[in-house]
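Next come two complexes, and both contain chain A; in the first it sits with chain B, in the second with chain C.
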Partner chain A sequence: MTLDLPTKRQEAWKWSDMAALEAAAQSERAAPDVAPADLFLDIDGPRLAFVDGVFDPTHSRPGPVNVTAIGESSGHPLGKLAAGEGWLVRLEKGAAVTSIQIVHIGTGADNHVPARIELAEDATASLVETYAGTGWANRLTQISLARGARLMRSVRLLQKSGFVSIRDEADVGEAASLVSVFLGAGGMGSRIDGEIRTSGIGAYAEMGGALLTEGDQRQEAAVVVDHAMPEGSSRQIWRAVAADTSTASLAARVEVKRHAQQTDGEQSLRGLLLDRTAQVNLKPELEIFADDVKCAHGATVGELDQRALFYLESRGLTPARARALMTRAFVADALDRIGEEAVREAFAADASRWLEVAL
Partner chain B sequence: MATKNAEALAAANKKYEWGFSSDVEQELAPKGLSEDTVRYISAKKDEPEWMLDYRLKAFALWQEMVEPDWAKLDIPMVDYQNAYYYAEPKKKPSLKSLDELDPEIKRTYEKLGIPIEEQKVLAGVEGARKVAVDAVFDSVSVATTFRKELEEAGVIFLSISEAIKQHPDLVKKWLGKVVPTRDNFFACLNAAVFSDGTFVYVPEGVRCPMELSTYFRINAENTGQFERTLIVADKGAYVSYLEGCTAPMRDENQLHAAVVELIALDDAEIKYSTVQNWYPGDENGKGGIYNFVTKRALCQGRNSKVSWTQVETGSAITWKYPSCVLNGENSVGEFYSVAVTNGRQQADTGTKMIHNGKNSRSTIISKGISAGRSDNTYRGLVRVGPSAENVRNFTQCDSLLLGDQCGAHTVPYIEVRNPSAQIEHEATTSKISDDQLFYAMQRGLDEEAAVALIVNGFAKEVLQQLPMEFAVEAQKLLGISLEGSVG
Partner chain C sequence: MLKIEKLHAAIDGKEILKGLDLEVKAGEVHAIMGPNGAGKSTLGYVLGGRPEYEVTGGSATFRGEDLLDMEAHERAAAGLFLGFQYPVEIPGISNVQFLREALNSQRKARGEAPLSGAEFLKLARAQADALGMDQEMLKRPVNVGFSGGEKKRNEMVQMGILDPKFAILDETDSGLDIDALKAVGEGINRIMRKPDKGVLLITHYQRLLDYVEPDVVHVLADGRIVKSGGPELAVELEREGYGTVAA
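Now for the complex of A and B:
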């Protein structure tokens, strides 16, 4: 397979690691080293398992989720490759489905799954996705929320190796709310690419998360929230922790169109370097065409606060414990946005497990 | 004058020995850009062989490069073959009296408080030539006294063409060291065809006795569209350099691609201030100047310091990122910028602070003011290398929007490879509130004065970095640039 991939010369891809993606795509398939059952959280709700991008009915109970061909396509260089059979959540007016769990296991080579989430007026849904195994997992998720609809989406990337690329394209209607939280705590490379557009008055959009990198891993998030209608608000809260010779990159953009007055956009990008050789890249970008808006962004990079560490040690914690505690708190800012307690705790546990090894 | 030029040209053409035939009467290099054009320019300037080689290498490289498209700018296709790359200094169209001057410009002169005689010189009024000659005579004598003083101090302050001839070793040593030929499309083009520019060398331990400004250099107008500036401050030296002019400058050349290189050795300090007010085009953005400039400073020595201050109000399109490469231990980089866009102007400007030295520090204060239908982008990079311990950076980018048809954008890049770095970035976007306007107006200011006052307050942190006389003019300039944008 020859891939037509973006290059570093393209501004939006300058921090990307397409070599790792290609290597993952060329890897050989092998027997899976993890079972879907180990990856589902112990909560009720529909469950879907995909192994190498193919639906696995024996480990699934899809409920209202349809496994079907998704016709929509995307102009995104990676997203457009995800075509064919995927999953679809379509909810009627006022309907609610919580705790949909989708598990993706890769064993090598590449797999592509498109998905579509359509919520009618006032419908609500929550969804957890987990990526495990290896190979290149490429996903396109298109989301459309009608007036007052609410979607809570949590995604954790736990692949041991390989590459995960995620492309989200969302359209948030009037007074609708979309919250997406990502956790990159595996050993794979990643590119989380999102474009959220508000198409109704007073829409709320949030996309954030934490990327934890070690070894020579490179993880990256590139997110755009496009305020096309007035009175919308958005939050982009991202945390990056980089150890060894790894690189974590965060690029977040808020766009405010001409008529989108009274937009309230907030960006908080923070990076933490655990080793001298690690790298954190941040790009908090604003593109504003309306004059009555509130857009703030903050970006910081550094190491753990020495005084706070000293304080914790003075209270009897070992240096390693103190570092772990501080780092956990650093990451928690982003993960606390997850609504369901069981999911939040699972994500926090994944982050802690990563920290135990890295620190 | 004309005969002199013709003679000079004829002489140059005689020396031109690469089989290029040119009409003796012609004052322009033929249209278009080819190796011959580059050779022609070099021959016209009577440059040594190594300089020609430098240009030709740059040209070969340039042919393989593509124009950058990452800036948030809508740049109409520039036809590089449909332009003149060498022209004798253009004479401005002469006017019979100041009354013939475009009333727009005249009004601006008055608002800036430029004396009437100086106005005539700037406008190129015919009768005023005599006055102009006097004025020039004056400034020649002023310039000579200044030159003397500079000579005594050991400061070299020459046009770059003269410097290539008189101080080839110094120029050879530093030219292209900060902005290498292959750096970017426009810098490469400049390296191939640069017309003229300034060379400054301040020797060890010398504090340059005055603010250097192109204004005082005879020949200053001849620098043309591809200006090349090289300033070297040796150990412990200090120099402050002013560039530009607050008076609106009309220029026939649409494309300007200058390169400015600064080098600061141990304990040296360079302060570089720019006020730019080139023609921004008419209300539809037609005919304005494209300003694609590469400015970079190398803080090579310990404790070296470079400070960029810029007030950008002109040009249809600005593509400009004055940067500092902080290699020296304890070196300091500063960037203070006010960029005003009105009408259909587009500005994509900012800075790069590349920290390689231990304890290096940088401050970035950027104030963007957009009005009319303009777009104003701050684009900056703060990079910390793995061996740069204890780096500090503070960045503040504030945007002010006047009206609802303009855009303000902020694109900061932060790349950190050392955990001991402390990088802070703050940004705000705001508008002039009705309350503020109302307050100022009920105290007796008219609307324009009120806006000017508020805008000057907004930009104060930057304006106060400018040398005194520049600051006063720059303040007035801000008010004028924004005229008619409110209400």
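Now for the complex of A and C:
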């Protein structure tokens, strides 16, 4: 296929690694080196496996999740490529489904899966997604939450190589709550891209996570939260850890429209360089047109505190363990946002495994 | 136990220790006093193995081994403990998590079995109680939001848990009120006053020495030990100042 990809000349894509995406798209398919059973967490709930973007019924028990053609599309340059068969979660008023697990295994080349999550009033769902294998996995997830609905979404990018691009488009209604937490702890390149709009009074939106990069890997997150209605709140807590000559980039934007009085937005972007040759790019942006708002934002990049490392080592920790503990503490703020303990612990373990190798 | 000969050390190219000699035998407590900037903390850091300090000459042997050849964590496993003048705050890592890992890492290096979570908690609680530290503080991030006195108590709790052979305590008495000073003094005696252990107490004041009586008192000035004597030297220093005594 020929791809019409964004270029670095476009501001929103200046840190993107489209070369890695194209290389992944052009790779050959091979036998999978990981099985769905290795990736599902030991928790109850519906399970869906996609291999190279194709639903795998033998390793799935979809429950209320429908595998079907998803009609809607997106104007987003990568998101619009995800069309055709995908998955749909549509919950009735007050319904609850916890811990839907979706695993995506790639073996090479490109695969595209669209998804829709529609929660009616006061419905509740939680969702865990895992990416493994290789190739280019491209996803579009459209989310709409009606009044009082709640969605907790945790996504981990563990592909050994290749590229994962994720595009989220969410609409959060009155007093509804969306929390999305991402962990990039594989060897792939990535682009996590989100646009969240609060369309009802008192909506709560959160999108954050941790990107861990090593070698010459590049990962990035680019998120826009648009407060269109009053009394909303949002949080974007992102941590980037970069080793070797890798690059991790975070761009987070909060827009507060004129009517969106009493918006409370928090944005915390922090980078940690494990080597001087690594790079972290941070771009926090606020665009506020209402006058009665509270928006806190901070963006800092640093190295591990030498005094703290010596303190830990003087008590007997090896230099590698001291660095691992400090780095794990650094990303904890972002991963601790995950509500379910088993999921939170699994993500923390993935981050620790990454640290064992990278440090 | 600890033997330092003609030790020279520098930081950022500036020589701070300029030929320091000192020997502490097992069962002894030595006090080091001296004016600000004399190099007392530098001595502690150099013996503890802080990488920024460069040893430019001399030697230090600890229990027969070349101390200067070991990394900081190896010195800890060999039984050395450094009580910090300014204990470091570490957000995101709890005291128990840190200390359990520290202790088990030392035990592993010595070929001993690790302590289980329950065994460790029992030990940590007993040490916190003995030093009058609230057990809740064990769960808090290392030193974060602790007062000066609480940090110093925490250093002593750590020493009690790690049970070292030799402790270098850098101004553990500064910033303590009288009750805390007493608790810390008793802690040092309880944990370290043993025939097979040694202590190097770095202090500005005589007052800690009322609780922990030193066998030898040294005056450190301009990177060298300029005078040594018995406990009476500390009293003399307190009365007359470093200027006259060290001259």
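Everything below uses one rule, namely that the second predicted complex is superposed on the first by the 359 of 359 C-alpha atoms of A that agree within 3 Å, B and C clash if a C-alpha of one lies under 4 Å from a C-alpha of the other, contacts with A are read in each partner's own complex, and residues count from 1 in each chain.
Going forward, contacts are C-beta pairs under 8 Å (C-beta built on N, C-alpha and C of every residue); 3 or more make two chains touch, one makes a residue touch a chain.
It should be emphasised that the depicted structure is a prediction, and the values quoted were computed from it without experimental measurement.
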Contacts of A:Ile43 with chain B and chain C, given as first, second, both or neither: neither
First, second, both or neither for A:Leu88, with chain B first and chain C second: neither
Partner with the higher number of touched chain A residues, chain C or chain B: B
Touched partner set for A:Ala332, first chain B, second chain C, both or neither: second
Which superposed partner A:Ile288 touches (first chain B, second chain C, both, neither): first
Contacts of A:Glu313 with chain B and chain C, given as first, second, both or neither: second
Parts of chain B lying in touch with chain A, wherever the complex brings them together: 70, 72, 384, 386, 399, 401-429, 431
Chain A - residues contacting chain B, complex: 11, 258, 261, 271, 273-293, 295-303
Interfacial residue positions of chain C with respect to chain A in the complex: 48-52, 71-73, 75-77, 82, 84, 87-93, 97-99, 101-103, 105-106, 109, 142, 158, 162
Contacting residues of chain A [partner chain C, same complex]: 305-308, 310-319, 321-322, 325-326, 328-330, 332-333
